[in-house]
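Below, chain A partners chain B and then partners chain C, in two separate complexes.
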Partner chain A sequence: MAAQTTTKEQFISFASHTTEEVSEKQHRVEIDDSVTSPVVLYFLTGIGWLVFGSLAGLLAALKFNLPDWLGGTPFLTFGRIRPVHLNSVMYGWASLAGAGMIVWLTSRLCRAKIKETWALYVSAVLWNIGVAFGLVSLFFGYNQGMEWLEFPKPAGGLIALGFLFFAYSIVQTFRKRQVEHLYVSLWYILASLIWFPLLYVVANLGIYHGVTEAAMNWWFGHNALAVWFTPIGLAGAYYFIPKVIGRPIYSYYLGLLGFWAFALFYNWNGIHHLVGGPLPTWLVTVSIVASVMMFVPVMAVAVNHHLTTIGHFRMLKYSPTLRFVVFGSMSYTAVSFQGSIESLRSFSEVAHFTQYTIGHAHLGVYGFLSMILFGAIYYIMPRIAKWEWPYPKLIKLHFWMSAVGIALYVVALNMGGWIQGTMMNDPSLPFIASVNATKPYLWARSLGGTMMLVGHLAFAYQFLLIIYRSGPTRYVPAWFELRKTTEEDKPV
Partner chain B sequence: MMFIRSFIFFLGVLATLLLGWAGLVGIPNFMISEVQPPKGLERYTYEQSYGRSIYIREGCLYCHSQQVRPAGFGADQERFWGRPSVPADYVYDKPHLLGTMRTGPDLFNIGARQSSEDWHLLHLYNPRIVSPGSVMPPFPWLFEEKISAAPDDKVIVLPDSITPREKVVVATREGRALTAYLIGMNHTYPVSQVPAHNDTTKKK
Partner chain C sequence: MTQRRKSKKSEGDKRAPQSVPAPVEPIQQPAFSDEGDSFIDSDSSDVHKIHFRIVSREQGEPEEGFEPTPSWVWAVSVLLLFAMGFYLGKYGGSFDTIAHQVEQPQLPGSGEVKIEVKGDMVYAGVCQACHQADGKGVEGKYPPLGGSEWLLQDSFTPARIVLYGLEGEIRVKGKGFNNKMPQFHDKLSNEEIAAAISFARSAFGNKAPAVTPVEIDSMRRTYTGRMAWSAAELENLRKKQK
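So, the complex of A and B:
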């Protein structure tokens, strides 16, 4: 049995094992140990918000199918549960899990133990209180009235403060780095540490009125993705794809081009959310041009990631991490192309204001970002908890539920949304026709959402097992299938 | 060398974001701050602003937009949702409620389209009473059941099948404020520069 499979350590480094490498490995273990508690804290609370947020999301989805169900409860009305869902999964799940991943990645890539751990604890606590407080406020209807900025000021402030403590620890670790070369993932991480607080401050200046407030709102909303969530996802993809496959990233220069083009174009995109609206036309046009220009960084990243993966698809059979992360990076390419096309006027004439946009948003935040975070957590946890995932079958269940669930979700809403938009733009039909036409698609969406929730429950359950080091003891990584030993894998 | 590189990185990253802000928000904010409210646009009454806050509280904005698109872009004009909206229409709006979704119709001129308080109250109590097939949520907590109505109460007349026995259903202060806000949503007054055709990239 043991001869048939490789151990984790052997897998990490395929090549021969010199003594240098052994001490190197030792060093890596020490680095991993230094981040264990804060990273587990970020992941654990993040996954808590994921489960809560998916429940809220599913409830919101079902409200379209059964509008009178729980209709008498103000807390659970669609207009409150929807922002609860968004804020829970974005500022709870994706941000906290992303922060955990960044902590681990930074200390790995800087080859230094994490510094100022206390700041990370403070950050996680403030952040979670902020999210909890914000969500309770939304249940009670205290909503600031702007999408992506719904949380009342005190909740937003707590989160912002939490972010600063987090950034402090990352920057201190970075300053004590033991490496010359800065890997691509680090660029994205460092940039986001500057961008995100700046974005938040500028958005809260309080100098905006009427339609420019709308411009600010969508500059912020789209940029939360541009300067925080997407960099997390890309940092993860840039790290895990080459790491698991065991070969360097295809091209450093493409990485460089991709990064700066990303920085230049992405944050001009937001105003396409107001296409056709009462803003100066040139403003929307600028955003559309920038959205189309996103082809450049996206192509650079896509070529880089996909050419690293190509020829190694066999690995997808074994490695849970790779399967999630490659799914994520493919979704990134898909969602970015979709976004560029969607921003065009002739396209958004139909798709804007419809469920199509909701499908697009989920392809990005779920298909891309969340899938990469899942993959990252599956990779990181055994290394910091010193315990293997007990049930590979549950990982498989999680993967298929998430993958099929999100595919169903996106296809259903893209089709349903397109039909909705076409009918809305046809004045010979009554408006209600556009409502009725979406109904079967909204059922399919709810089914997709249910599958995703099932996946999350499997994930959360196994996460609890691994942090308590329970479940069957495994001495080999939780591959999906036993990996045949090859020549390279022979231990020295 | 490392220091210089870091510095350039830092500046570059800072500049990209601030440039974007200046172009998309800062400069337009400066330009549009000159806009004067049109003559026909009235300030919200106290009751209407209260209603507006209920609109925000119940998340109406996740299903309804408040912006009318010009001819040639969508069917807003053909559906008679009002003339295209302009920045001046929004000078009193804080926060803005432009919206990004049209699960339900645009509401920028709902008051001009539907000015009956009774209709709005009935619709809010349960949209499916007046609009079969609607997916809009019911808002029964904007109403209360009473044994008998006081003189200044607004009683709503429900279909027999759902009328509570021996009770009357009256709108609460919140329900009436929200309705006042909706009925006040009337931007049909003339404005000087209406974009006849906002869509410069496409010829029809």
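So, the complex of A and C:
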């Protein structure tokens, strides 16, 4: 046997090290035990919203190909199903799964059991009620009419309240930390706990009218990514890449540059969505400048992660977590550079009001954030469920469906969107020509979306198996491929 | 339930040969349990073993290395900062509203732009509501314009009426009317009034010469400040002119 299979006995021999090591491991077990229930609750409900939101998204996508389909049922019309998709995946899936990941990460990185667990339960319940209430309102046509802020005020209030309970527990855990030095992931987590409530409350004040309202809308829309979703993704990437590979993140200094440049520049970005709008020129220009300056933090993060991974790329062959997280991390670099270019006036006038922007948004929220969350859940669940993933092949299916699906989605919409934009700007062509030109690309997008949904179903099924400890009893990690294990070369 | 799980297990073993076919009983209880503060109960010793193995095989918590930032990262950052500073200066609109004050564009052709007032447009916008699109008016309410002696006999009478209005009984084409025509001296320009009257004098079967804005202006100045005419006053003025 060239690739020697790992036996139960070998694993037990790994486990029998010095007492110090054993006590450290015992400590990890205790930490994992303390977070199990809230994290499972966050993940479970998050994945529920993911499946629901993907269905809504696919329905909305198909309506581009079949405009009359289901048009007779008011709650299934595009104007309702599209915000349902957005809010379900953002405030349902990404936020809840992200919160679950943050709970586990914080506890592990602070080397402390989670504190105020009750607040996490309250948070998860309030949050889920908020999302459910908001989505029902959207189905009935109650919509605040602003992108990313469609939920009616009570739903938004419930979510904000849920966030505060969540933040309370994280901050309490942080205060009882057993470490001196704070790891990079914690910087992003704690910063987002301060930034996000501020953003959400200011955006919901309801004192904006006309042009100010448009400016506020995009200030919020882009900053939801800047101060909540992106910090989650980066905290995950900064943790799981060195964790799985087993070497320190390349450079603390690059981490500092990345974090502070991120904090300085990202929050100015939103107004680049209003290029050509009736806003003061300087406001738009400042936003473009900040968007281009995002090259700096993105470059710092990309270099840091690349130089950490370099020489260990073969691990991508085995570790599902690493493969998802590295895919997400590379998407982050790609989507951020793309976003910087998109903010420029000359680019924006072609691409902005086309399918191009939709492709860009999905590369960010799916290619980057969701892939990292998938990787994180594949890593965290065996530790808190105390059960291995039963079917590595389903993980493989999930990865390829998601990866190929999102690649198809983004490439199709970026190409189709650019063609659409150039045709819309050509006064010699009728408007309908620009619509017809996008048809094949929109079909490709629907195909990509279907693949992603298939991946999510495989993921959700296996998630149910692991929390019920069902399926085959496995004693080895759920790698993609068989791997020879030795003492030096510990499995991950 | 147990049966199903067992069969699943052997199936899984076949598909994933790296897993050890250990003689372990599958757990009997559902994972969700009321006992303890955990969703997942940890009673089974097998679960403990699996968990300890999972935790054992993982690497330590990540740390930062202290490699220096590559110098090209600094170089690119500084270059970007300069470039975007330049961009801000060039396209920032001086942080002032001056960027939004647009100069009147010069139209091609000789200096002053002549705007032509179209009589039919003024008629359609102002007069048509009462005198109708065909100029026949409404019987007993609004007098007709087609063939109307008041409109056609001379050019001053219609100018007087449109500028300062008309009130009281009047006979037009042998039919009596008693209504009120509003004043337009404060609503329409000389050009507009001239265009509308000229239009009415050449439409609806009428063939009278056009009136000029200069004529309207002289009428406007002559009667500045007066109220609506009566038919008798107009008739007297017309006779005097003769």
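Simple rule for what comes next: the second predicted complex is superposed on the first by the 470 of 492 C-alpha atoms of A that agree within 3 Å, B and C clash if a C-alpha of one lies under 4 Å from a C-alpha of the other, contacts with A are read in each partner's own complex, and residues count from 1 in each chain.
Throughout what follows, a residue touches a chain if its C-beta (ideal position, glycine included) is under 8 Å from a C-beta of that chain, and two chains touch if they have at least 3 such contacts.
None of these values were measured; they are calculated from a predicted model.
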Chain C versus chain B on the shared chain A, clash or fit after superposition: fit
Touching partner for A:432 - first (chain B), second (chain C), both, neither: first
Touching partner for A:129 - first (chain B), second (chain C), both, neither: neither
Partner chain in contact with A:264 - chain B first, chain C second, else both or neither: first
Which of chain B and chain C A:469 touches, first, second, both or neither: second
For chain A as apex, the angle formed with chain B and chain C - C-alpha centres, to the nearest 10 degrees: 10
Contacts of A:285 with chain B and chain C, given as first, second, both or neither: both
First (chain B), second (chain C), both or neither touched by A:341: neither
Least C-alpha distance (whole Å) that remains between chain C and chain B when both complexes are overlaid: 5
Doubly contacted chain A residues - partners chain C and chain B: 280-281, 285-286, 345
Sites on chain B touched by chain A in the complex: 2, 9-10, 12-14, 16-18, 20-21, 23-25, 28-29, 31-33, 35, 56-63, 65, 67, 69-70, 73-75, 78-79, 84-87, 89-98, 100-105, 126-128, 131, 133-141, 195, 198-202
Chain A residues touching chain B - in the complex, by the definition given at the top: 63-64, 67-68, 71-72, 74, 77-80, 82-83, 141-147, 180, 187, 190-191, 194-195, 198-199, 202, 207-217, 219, 223, 227, 260, 263-264, 267-268, 270-271, 273-274, 276-281, 283, 285-287, 345-346, 349, 352-355, 357, 424-427, 431-432, 435-436, 439
Interfacial residue positions of chain C with respect to chain A in the complex: 5, 8-13, 15-20, 22, 24, 26-27, 30-32, 37-40, 42, 46-48, 50-70, 73, 76-77, 80-81, 83-84, 87-88, 91-97, 99-100
Residues of chain A touching chain C in the complex: 5-8, 11-12, 14-15, 25, 28-29, 32-33, 36-37, 40-41, 108-109, 111, 117, 183-185, 238-239, 242-255, 257, 261, 280-282, 285-286, 288-289, 292-293, 295-296, 299-300, 303, 307-308, 345, 382-388, 390-393, 467-477, 482, 490-492
